[in-house]
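Chain nomenclature is as follows: A, B, C and D, assigned in order of appearance, with residue numbering initiated at 1 for each chain independently.
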Amino acid sequence: MLSTGHYVLLSLALFTIGVIGVLTRRNVIIILMSIELILNAVNINLVAFSRHLGQVDGQIFAIFVITAAAAEAAIGLGIIIAFFRNRPTVLADEMDMLKW
Amino acid sequence: MATLENIVHHPFFLPILYGVVLVLVLPLLIGYLVLLERKIMADMQARLGPMRVGPHGLLQPLADGVKLMLKEDITPTEADRWIFWVAPIVTFTAGMTALAAVPFGPGFQVADLNVGLLFVVAVSALGIFGIVLGGWASNSHYSLLGALRSAAQIVSYEVAGGMALVSGLLLGGSLSLRRLVEAQHGEGAWFVFLAPVGFFIYFVASVAETNRAPFDLPEAESELVAGFMTEYSGFRWVIFMMAETANMIVVASVATVLFLGGWLRPFASTRELDFLDYLPPLLFLVLAAYCFWRTPKQPVGIQKGVMALFALICLGLAGAEGWALTLPADSALRAAIHGGFWFLLKVFLYLYSFYWIRFTFPRYRFDQLMRLGWQFLIPVAIVHVLAIGSALLLRQRAGWGLWPAMGLATLVTLLVAAWLAGGKERPAYLPSEPGG
Amino acid sequence: MMDLVIFYVLAGIAVVGAVLTVTRRNAVHSAVFLITALMATAGIFLQLRAEFLSVVQIILYVGGIMVLFVFVVMLVNLDVALRQVQFNRQKWVAGIVVLGLAAQIVFILTIGRTQDPGVLGVPPTPADQLSPNTEKIGMRLFENYMLPFEIASILLLVAMIGAVIMGKRRI
Amino acid sequence: MSEAYFFLHNVWLVPLLPLVTAAIMLLVGRRLTNAAVSLLCVGSVFASFVFSAGAFWQLRGWPGPPWPERVLFEWVPAGTFHTGAGQLANFTAEWGYLLDPLSAVMILVVSGVGFLIHVYSIGYMGHEGGYYRFFGYMNLFMFAMLTLVLANNMLLMFVGWEGVGLCSYLLIGFYFLRKSAADAGKKAFLVNRVGDAGFLLGIFLTVATLGTIRFSELAPAVHAMGFELGAPVLTAIGLLLFVGATGKSAQIPLYTWLPDAMEGPTPVSALIHAATMVTAGVYMVVRHNMIYQLAPLALEVVAIIGALTALYAASMGLVQTDIKRILAYSTISQLGYMFLACGVAAYTAGIFHLMTHAFFKALLFLAAGSVIHALSGEQDIRRMGALWSKIPTTAWTFRVAALAIAGIPPLAGFFSKDEILWKTWSREPAPFFKLLWLIGAVTAGMTAFYMFRLLFLTFRGSSRVPPEVERHIHESPRSMTIPLVALAVLSIVGGWVGMPAAIGDYLGLGNYFEHFLEPVITHPGAPAAAAATGAETAPAHHDPAEYLLMLVSVLMALGGIWLARLLYLRRLELAERLAGNWNWLYRLLYRKYYVDELYDALFVNRTKDLGSTLAAFDSRVIDGWGVDGSAWVTRLTSRISIWWDTWIVDGLVNLGARIVWFFSYPVRLLQTGLVQSYALLFVLGILLILAYYLRVMTR
């Protein structure tokens, strides 16, 4: 029989990969994707524990997380488009106009 | 023998069987749908259409299939190879998968998910990726434009279509397709009569979602050679076409299940009209007779044979339907056979209306398309959902009858729609982003 | 047994998809692999008896968000972006730090686990306690989580308006 | 009010109607056709004439003072204050209309003559541009004039006073594209200002002294305060008011604007500068008679000024050559007559002459206008002549008017003028007033002379009209001739209502006019009133001197006519020689005694000099030293402060900045501005916190 630990470890793995992506990639869009990945890992965790505890609250939180993810994606991509119109680059470390 | 028993009664047996049947039958079905489309087009344009291959071109699908199989499969240079390769498969798989949850008859269903409707919607939504990725991967401007258009269009109209589905859901009170059909049986009325506006909206939205005329912007011949399929040829192109037709079947099935009473025969809940059950076998008998009558008139011997073969097939179908009649009224098999007939009949009628408007309406401009979707259909759909919800409340709390409540809801929605449509022409709306 | 196989298959697909998402050079490929990973996750939800959630995952993530992603990738598609260096200078440091973090968490989950060992064990509750899934979620959502639900809707509205504003030619 | 007094009750409509049409004209008139404009404006004036007639008729049935007074609303509720005499008074000026016999006569004259002149204007202005504008101004003038004469207090009267001044300005400058017209308008306006200032001061003094400005309360107030005869305050008020009168009625020294005012269209000259507005001064003096009664000095001033103006203006009229200017000078001198009448406390005679003068002078102007119309714009009588048969109606009416103004019985002018002369003669102290009478009599002769000079030069003799003009001389249209005839009739019979008792008694008429106005000018309980008013001085059995005077003045007139006939009809060369021999006199008269030049030299140019001096002061001192100097100073100081800012303040700031920069540089290396490095940092933080947590937990 399948233990909750499996799912937790899976979500941990996805989370780690996502964080690495966020920290190391230069392409903003891929960074956003990695963030989705992280949120997804969190969802796995939530659902796993909702199954573990036999309550749907976890799934409801997952739904909220997905909502937040949708909003975040829309806004983030909108920002990217707007930015791309002004400076044709998608590299995060070139978006440093606020520094000096 | 016992093993056979085990196999037959294994819970996975029927689903797998249905799946195999679907996978085998669907291509044939699609081929003949294409033939049907060409014939209808020819009829509407006062032509004959394909007549060469087989009697009345009855073997045309097979011929086309063979030809396309043998054609060279070109991959453009600079194309993104494996995405180019995987895109059509994605689309086709999505269409097929969606069919898995469709109940062609009571129990005649691969999987009865309790979220079936959502499942169908979700999976058919996957079809976009095939189109977008294919268009992008083929590294051609026509393809990319077609892909973007198609994606924008489908995403936009999914909202309206989803809302329309919700209006049906509220009436059925379940997400499981089978229960929806049973609900219509229980109500004694198909939901198309209870929520005609919802049905209409879903119809328009489904036309747009399957990139059919008059919304066939993504593959508008006169604008982008063939849209996202420009660079495709040979077998991949076949897969794309099949995927498109499969999607049509999916939306038609959803509409049939949700609004047209699924596998139910007309007036299923009135015992007095049971003689309608004799309709299927009679129909097939008539067809068989016609074929037999046409057989000697065929010029070539082979064609005579083919005609006779079709006659026999029809006869066999008639026999099957008739044999189903002999079974006890509550047996699952009989229900499955009859239900399948009615279901497929309704699907065919729905698709026929697709062809009909395709050959009658001129193509929309893209901004007109977007305006229709966002500024008319979606608001009307939302209002309709609210109206139906309130109507159901009236029914529960205030004890209204079903029909007056629904009539009121429809009336309100129509009024709002008239108001929306009556508004003066807004300036041309050109989306800078999908759904923007 | 069956469950294990399914789980490992799905988990494998998810992890591999995730890794490829993070490592691909071409954003479109990453998107495709991300979609794969998300589909696998949906499958895992299904296995966890969260049908509704898995379908929602497919509709929203795959059908909505990822389409948006692919779109933007195509709009912002830069060939130069393919030839540039894909990882920034801090990649090794970041990798080590994150792996360290992961190691810590693993440590907490396994060795460091002190009280209530059952947390990561086999779920004590029967699976069908969650079904009918959709109804349960709906009831719970609209009875206990009404306010968060409304707030989420406001959030979506704001996000939509924001996206529209961003998308305008001149802000 | 009961139905019996309908018109009295609605007397306020009399001014209102023209105002309404004026508003319509000036707001939307541009869009109306000429026909609509004529209909509206003339119709409204006619309606107000009907109302005036009705009011007049019903007033005859009125029991007598207090006279009907209609207060529309409280206009200036100024509250209470202490008068000069020290008692508390409550000053309020309401927008109210008082209808006593005096104002009744006035509105009748104004609206009647005004109506005729409006009708005339339809034909005269028919071909002019700005038709609606003209009629709008005319109706506005009617409103102002009627308000003036109907006002029940001095302030409202002043409103009308200013209103007519404004309209006169607008109408004199009607052809505002012609510089002379615009200048004339300005001149009239400015000269009137002087008089108005006097009037205003008079009002102030009245308020400060009597504490009220309601005409119905003036007399009681005066008598209640028991001023004795010749009280200085009253004299001052009288003189101030008279200054206003001289301004409006073109008396010495403020008469110069009137001749120039002839730049306006002829109907304007007829209505405003002959019949109505210029007589406002007379009306005003009569209106305030209760004050003059107690200020004999003021009265004498009025009389002297009037007599001198009469003679003076007549002498100038002798030699002018512009037909309208001659009439203007005659107007001035006739106004002089009226003031002379007021000066000898023969107010009724003054008003009587005002009325008759309105008739025949309006007729003269209109006829002159008709002549000008016929000669397509020619105004110089030296290029006229022998128009007698060509424009008969005009000629006949003109002759009637000339006879009337010359004072030939039984025309209107005779009675009124003779009344004045007789009142002057019979006024005490004798020698002084006898002298005034002599002036008046001579003026009568001169009047007859220049009127008939004008008549002969224009209509008789040989034609001096340029041939191209000669060809299309034509009688004026009906709309112009009908008013001429009507006014001619009036100037014949108009005088009969006021026949002096000396004649009237025998004809059984009596001096109806005087009796009608009696209650306005006699005030019960007024000290010395009985002695003052000339009415009582006329003995019951008529003094034979009166008849003698009549004979004398008639003979004077006839002599004037004979002289004019001799000089300008029989022996023109005699006139030439006369002008040659008496060249200096001729020139002096012709150049109007150089008074315009004098005023220019005295006031106008001085004012201009003052202006230029101020301008120079402005540009040199204020701009030059003040503004530019301060600017220069500012520049200097700003230079300094720039240096200070650059080197000291900014220097310090930069120094601080440098220091901060120096110390913050290493920290700045941490601030990469890259999101990901920050993210890495907080992941690192999580790592450390977890590590600490683990140490604690696993201990």
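Basically, contacts are C-beta pairs under 8 Å (C-beta built on N, C-alpha and C of every residue); 3 or more make two chains touch, one makes a residue touch a chain.
Fair warning: this is a prediction, and the values are worked out from it, not measured in the lab.
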Higher-contact pair (C-beta pairs counted), A-D versus B-C: B-C
Interchain centroid distance [CA atoms averaged], chain A/chain D, Å: 92
Interchain centroid distance [CA atoms averaged], chain B/chain C, Å: 32
Interchain centroid distance [CA atoms averaged], chain A/chain B, Å: 36
Whole-Å separation of chain centres (CA-atom averages), chain A against chain C: 6
Shared-contact residues (touching 2 or more other chains) in chain A: 19, 23-24, 78, 81, 92-93
Contacts with 2+ other chains: residues of chain C: 52, 56, 64, 68, 71, 75, 88, 90, 94, 97-98, 101, 105, 133, 163, 167, 169
Set of chain D residues in contact with two or more other chains: 674, 676, 680, 683
Chains that touch, pairwise: A-C, A-D, B-C, C-D
Touch list for chain C against partner chain B, complex: 26, 28-29, 32, 35, 51-52, 55-56, 58-59, 62-64, 66-68, 70-71, 74-75, 131-134, 163-164, 167-169
Chain D - residues contacting chain C, complex: 674, 676-677, 680, 683-684, 686-687, 690-691, 694, 697-698
Touching residues on chain C, where the partner in the complex is chain D: 88, 90, 93-94, 97-98, 100-101, 104-105, 107-108, 112, 114
Residues of chain C that touch chain A when the two form their complex: 3-4, 7, 11, 14-15, 18-19, 21-22, 24, 27, 30-31, 34, 37-38, 41, 44-45, 47-50, 52-53, 56-57, 60-61, 64-65, 68-69, 71-73, 75-76, 78, 81, 84-88, 90-91, 94-95, 97-99, 101-102, 105-106, 109, 119-127, 129-130, 133, 136-137, 140-141, 144-145, 148, 152, 155-156, 158-160, 162-163, 165-167, 169, 171
Residues on chain A engaged by chain C in the complex (per definition of touch): 1-10, 12-21, 23-27, 29-30, 32-34, 36-37, 40, 43-44, 47-48, 50-54, 56-57, 59-60, 62-64, 66-75, 77-82, 84-85, 88-93
